[in-house]
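Below is one structure; the comments refer to it alone.
We just call them A, B, C and D in the order they show up, numbering each chain from 1.
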Amino acid sequence: MPVRAAVLAAYHQPLEIREYPEISHVGPGEVLVRMEMAGICGTDVHLWQGQLPIPVPVILGHETVGRIEALGDGVEVDWRGDPVSADDRITWASSLVCGECYYCRVKRQPTRCVARKAYGISYCADEAPHLRGGYAEAILLRPGTALYRLPDHLPTEAVVGAGCGLVTAIHGIERCPIEWGDVVVVQGSGPVGLAALAVAREAGAAKVVVIGGPPHRLEIARRFGADAVIDVGAVPDPEERHRVAQREISPHGADVVIECVGHPQAVNEGIALCRDGGAYLVLGQYADAGNIEFNPHIITRKQLRVIGSWGFEPRHVDKALALLARDKQVRDLFASEITHHFRLADADRALQTVRNWQSGKSVLIP
Amino acid sequence: MPVRAAVLAAYHQPLEIREYPEISHVGPGEVLVRMEMAGICGTDVHLWQGQLPIPVPVILGHETVGRIEALGDGVEVDWRGDPVSADDRITWASSLVCGECYYCRVKRQPTRCVARKAYGISYCADEAPHLRGGYAEAILLRPGTALYRLPDHLPTEAVVGAGCGLVTAIHGIERCPIEWGDVVVVQGSGPVGLAALAVAREAGAAKVVVIGGPPHRLEIARRFGADAVIDVGAVPDPEERHRVAQREISPHGADVVIECVGHPQAVNEGIALCRDGGAYLVLGQYADAGNIEFNPHIITRKQLRVIGSWGFEPRHVDKALALLARDKQVRDLFASEITHHFRLADADRALQTVRNWQSGKSVLIP
Amino acid sequence: MPVRAAVLAAYHQPLEIREYPEISHVGPGEVLVRMEMAGICGTDVHLWQGQLPIPVPVILGHETVGRIEALGDGVEVDWRGDPVSADDRITWASSLVCGECYYCRVKRQPTRCVARKAYGISYCADEAPHLRGGYAEAILLRPGTALYRLPDHLPTEAVVGAGCGLVTAIHGIERCPIEWGDVVVVQGSGPVGLAALAVAREAGAAKVVVIGGPPHRLEIARRFGADAVIDVGAVPDPEERHRVAQREISPHGADVVIECVGHPQAVNEGIALCRDGGAYLVLGQYADAGNIEFNPHIITRKQLRVIGSWGFEPRHVDKALALLARDKQVRDLFASEITHHFRLADADRALQTVRNWQSGKSVLIP
Amino acid sequence: MPVRAAVLAAYHQPLEIREYPEISHVGPGEVLVRMEMAGICGTDVHLWQGQLPIPVPVILGHETVGRIEALGDGVEVDWRGDPVSADDRITWASSLVCGECYYCRVKRQPTRCVARKAYGISYCADEAPHLRGGYAEAILLRPGTALYRLPDHLPTEAVVGAGCGLVTAIHGIERCPIEWGDVVVVQGSGPVGLAALAVAREAGAAKVVVIGGPPHRLEIARRFGADAVIDVGAVPDPEERHRVAQREISPHGADVVIECVGHPQAVNEGIALCRDGGAYLVLGQYADAGNIEFNPHIITRKQLRVIGSWGFEPRHVDKALALLARDKQVRDLFASEITHHFRLADADRALQTVRNWQSGKSVLIP
């Protein structure tokens, strides 16, 4: 029986439902997975808009949970060494690296592997075995993919609800550590912003202020533990916003400011909120959204650290799942981010709800 | 007998020689010093041009060596605890901090002390006791100034030749460490650039490439240990310069790039030369020289660390002097940076040689 | 009116109540404080037993809260820069350092200042002004003492209940950081152990196991957030204890183990519980309690970091007070550690309750 | 034609020359190498004495250079990605790790991989393909072994002369960094000690003092850049040695002390030489040589960091080879450590020269 998938065939065009041949052979190290749920990530909208160089047609979807249909030879354990077998519910790291290049080996920065490929992003759907994205009834995982068997008490909704935002935040805060007792500002209340807030809280931030919107997202931010929220809709003037934020943190500024917005203009606003000697984590500029006017004197004068972080490694997925598994409150919060469920056939409509900021988080149930 | 000093009375105007009353009383903790030599720093040119908010009239000069004329009550040892007495040759940290503010205490970033004042920069010469800068026959040091008695084998020329460039580089590289074996690019071959080169070599860089000019400065850079130099005059096109630099380092880029130029345009060129996951030290943007077009996406995508560093602390002066004291080759190199000696009366002419890039380093012998 | 104090005049002898002359003159920078509460620290028992070289007679007491009776000239703000005035309720850092020695200046390790002196420990009560310890109706604080005005909502009981254990734990964990998601073992459930547990939780430990006793202390540890507790009384065999602990953490061992016991034998047990590449924080060996048989091969083979931490700095007091001020649950827990209140006249009896492990925490109300 | 090898068949017994079947098939990923030179490491003596649990019979030899005889399918590049082909001269990392266990993956401590195996140490020579050690005419390298093609200007003598001491020192100093300007003491003047000295110099140590012997080794230490040497033979009393060392460093002690001795008694002597807040790197306790009397109070009171380091990773071999390739003086020094050359047939005699400290470094030329 053919396998159906929602395909981005051309930028800005509606996703199409296409059929691909059933996978008849699962090679050594491969894993065939029957999809249970795939999240619609904001990045998928950027991809749909052609803002990153990817092959088309492509089956989108990189936030995924499924059940093992078939295991290739040699796949007996997951990334943590726990046994896996058919019908286990799993998730997996969306990226695969070569492990051999200059970045993987010499510099231990595998997220910058020269051969890195991500499910739902980097694979042309025209090439066999076609099924390399999450918006589909099944996916064929390549040898070496980091798998994680999910414990029964960890719902699929929590894993997909946390999505790639949580692992991105974990990696970022690893690179730009929050010291116990720090005052933190998070710019943005999307999935990455809420995840950064959650991780900042976990890491011992004394106070976290979230600048974002719209109000229903800030309400979620409060539930995630924000000490204060600032609505960019209610305070549209950046200078006024700066004053309001300073009142919440301190006139000196915050120890760490985390950018999770994606608009390049956020950078100057965020750097202005750092205290001298503080740190600015640029987490949201995943897509190239253009230039800003920038004064590098501020880096020297305020003695700042400005830190970038790209993607994540399998060990960050492991940490994310461990957090969700041990903290009921956190996993319930991430699960509750999902507000809209769609069938695979309605993938394009699902994508549009995300594009139009109509949903919390939307997911596909193939 | 009155004390003569070269005074900046108005921006862009020639320095004037003025006379101030002799210091008749040295209070507790104060030290009266007879100047032996004062360096003309590039910053002095920026100050003369009015690029930083300072009081005028001001006696410039913050790179200084002198002999103790009189010690106030309670001054018995230098910063390292070694005894000091009249007629000792000393240097001193040009800045004084309060030790009590949020930055001094809570965040241990004393270079950002809210009450920090620097000799030769922050003191209005109209206010008694007037003598707070290096372009003068004498200076009265405030209680708490970090003094350093100079060993006999350490020439005044080496200390002033190293000047504030060396301590600035030491602080910067402390904040943005060079790992043993790193490939380093230094942008700029002025005093800070050469000092950064020297410290990078000391810190174990495997290779250091200097991008600067003019050729006579690059020749000094070679003597300071640069493995390769790129003359911005000979390779004026930034893209071509990028290719030339990549050939010297590697196509991946450098582990650490150190900006010691001061022109904001250098920042984009330098960041482009960092390898992914590398570090960019913004050391030269001491003055506010305006905005650049900047794309923050590069911080995220290349997973960079961009580090600022402002001024220095007394312990960096201690490290600088220890380096000069123990390494004859290094101190000879720094001493040889001094190419022009002027009398105090010719201070304005001395400043103009620096402004016009006519000299290596110019000094005043009051 | 003379001031009464409880004095340790000779090791192992009952504390004596003595009277000292009223402080008639408060010099510049000094602060005269009317004591409100002084904690009996386990260290006081060690001092009473003569295990550290201190002068006698001495007024013990270094965990203290009082009200300002008189401010010397120049004392207008507390350590954070907030204004202080007569009758304000304050606490203070028990140690004073010189700020000028090799450790204060060059190496930035002020806790190892060569001239460090602590109230309640280092001052001979025979020498004027006598009042330099907490077991007294009043104390005269030296110029430069770090003061902290207490907000009204922060009860004295919470500050003294947290005592020097909390600041010691904060400094230790600063030197041996707990990474978000770490598995931590705390050896010891005394004041330092509970504080280490509290800070480990704050700093994002995924799991904290406490090994200690007796059961009522472990019950408090549970309330402080311990995921599991192991009663050394119930599991007296170290090898069995090791197996029980491994079941709670993992066969690999813990990421960080924190020693808060004080018996040197705890060290081998704790190191055995570290995972390879993990860290062991030796926090409890404040007194010299003798040698152990130790095999240094384990440091190399397990690739460990073994970290020591001595005392604390004023900024750690600031962090401790900030934690107590912002987290009601934590301050209530620390306040609830105080189980016994004594009048000054009963100081010796108070000390004996601590010595005999009869109390949670005992305090004096002068 | 059979392949000859020197085999340790029983502890404390002379090495035997045995013959093994020629390797007729080189499998995928494997590399067959004709040995050019194998160093006799001090560890080989420990293995011969049965101080570590290894299988016997075993072909010793883990410091090796050879020429490629045959490449298995898929081996086209070395660890750095440079092409390799038959007859290339190469060296290789002696250990192979699984890349999948808790230590390899989750904790990124691959030197503690649960499945780590080292050529010349961990392979029973009775098991096919037998040739897994350096004291042989050939070795068959397993798939995944980190290979390094040697540039023509880098002599075999320098690579084997540096041996595993250099990579061990590089890993150790990575874990316990030497800050530019540090004062360092190295305990031991064997291969690890000299390598630690070389790396400490490279990393910017201001002063390095070596405590070791006999005099001819200290003479080499001077050539390697030691500022001072202390002969344990000439100063046999530990307390006197402590005083002599303090005179060379400072009464405060050294910033970093590196133990490269192997006798556990060295640990107390070394820790006593650390300044407060300094670091002690335990690099030499590779074998379990028994217990010492140790007082853990010193860790707390001196606020020390005691750091262990085990073995090395391929990236450390890469750094070692890069150092040798770029610095003629350093590679000549390491090459000159080799004082005795033996034929394979004389392997036992070679081992005895090392055991009896008769040689600088001994090597086998098969």
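Throughout what follows, a residue touches a chain if its C-beta (ideal position, glycine included) is under 8 Å from a C-beta of that chain, and two chains touch if they have at least 3 such contacts.
All values derive from a computational prediction rather than experimental measurement.
Of the two chain pairs examined here, B-D and A-B, it is A-B that is joined by more C-beta pairs in contact. Matching residue numbers shows that A-D is the pair in A-C, C-D or A-D whose interface repeats B-C, with more than half of the contact pairs in common. A straight line joining the Cα centres of subunit A and subunit B is 44 Å long. Under the contact definition stated at the top, the residues of subunit C that touch 2 or more other chains are 102.
Within the complex, the subunit C residues that touch subunit D are 102-103, 107, 109, 111-112, 175, 252, 264, 267, 275-277, 282-310. The residues of subunit A lying in touch with subunit D in their complex are 79-81, 99-102, 105-106, 108, 314-315, 318. Residues of subunit D that touch subunit B in their complex: 173, 180-181, 199, 202-204, 206-207, 319, 322-323, 326.
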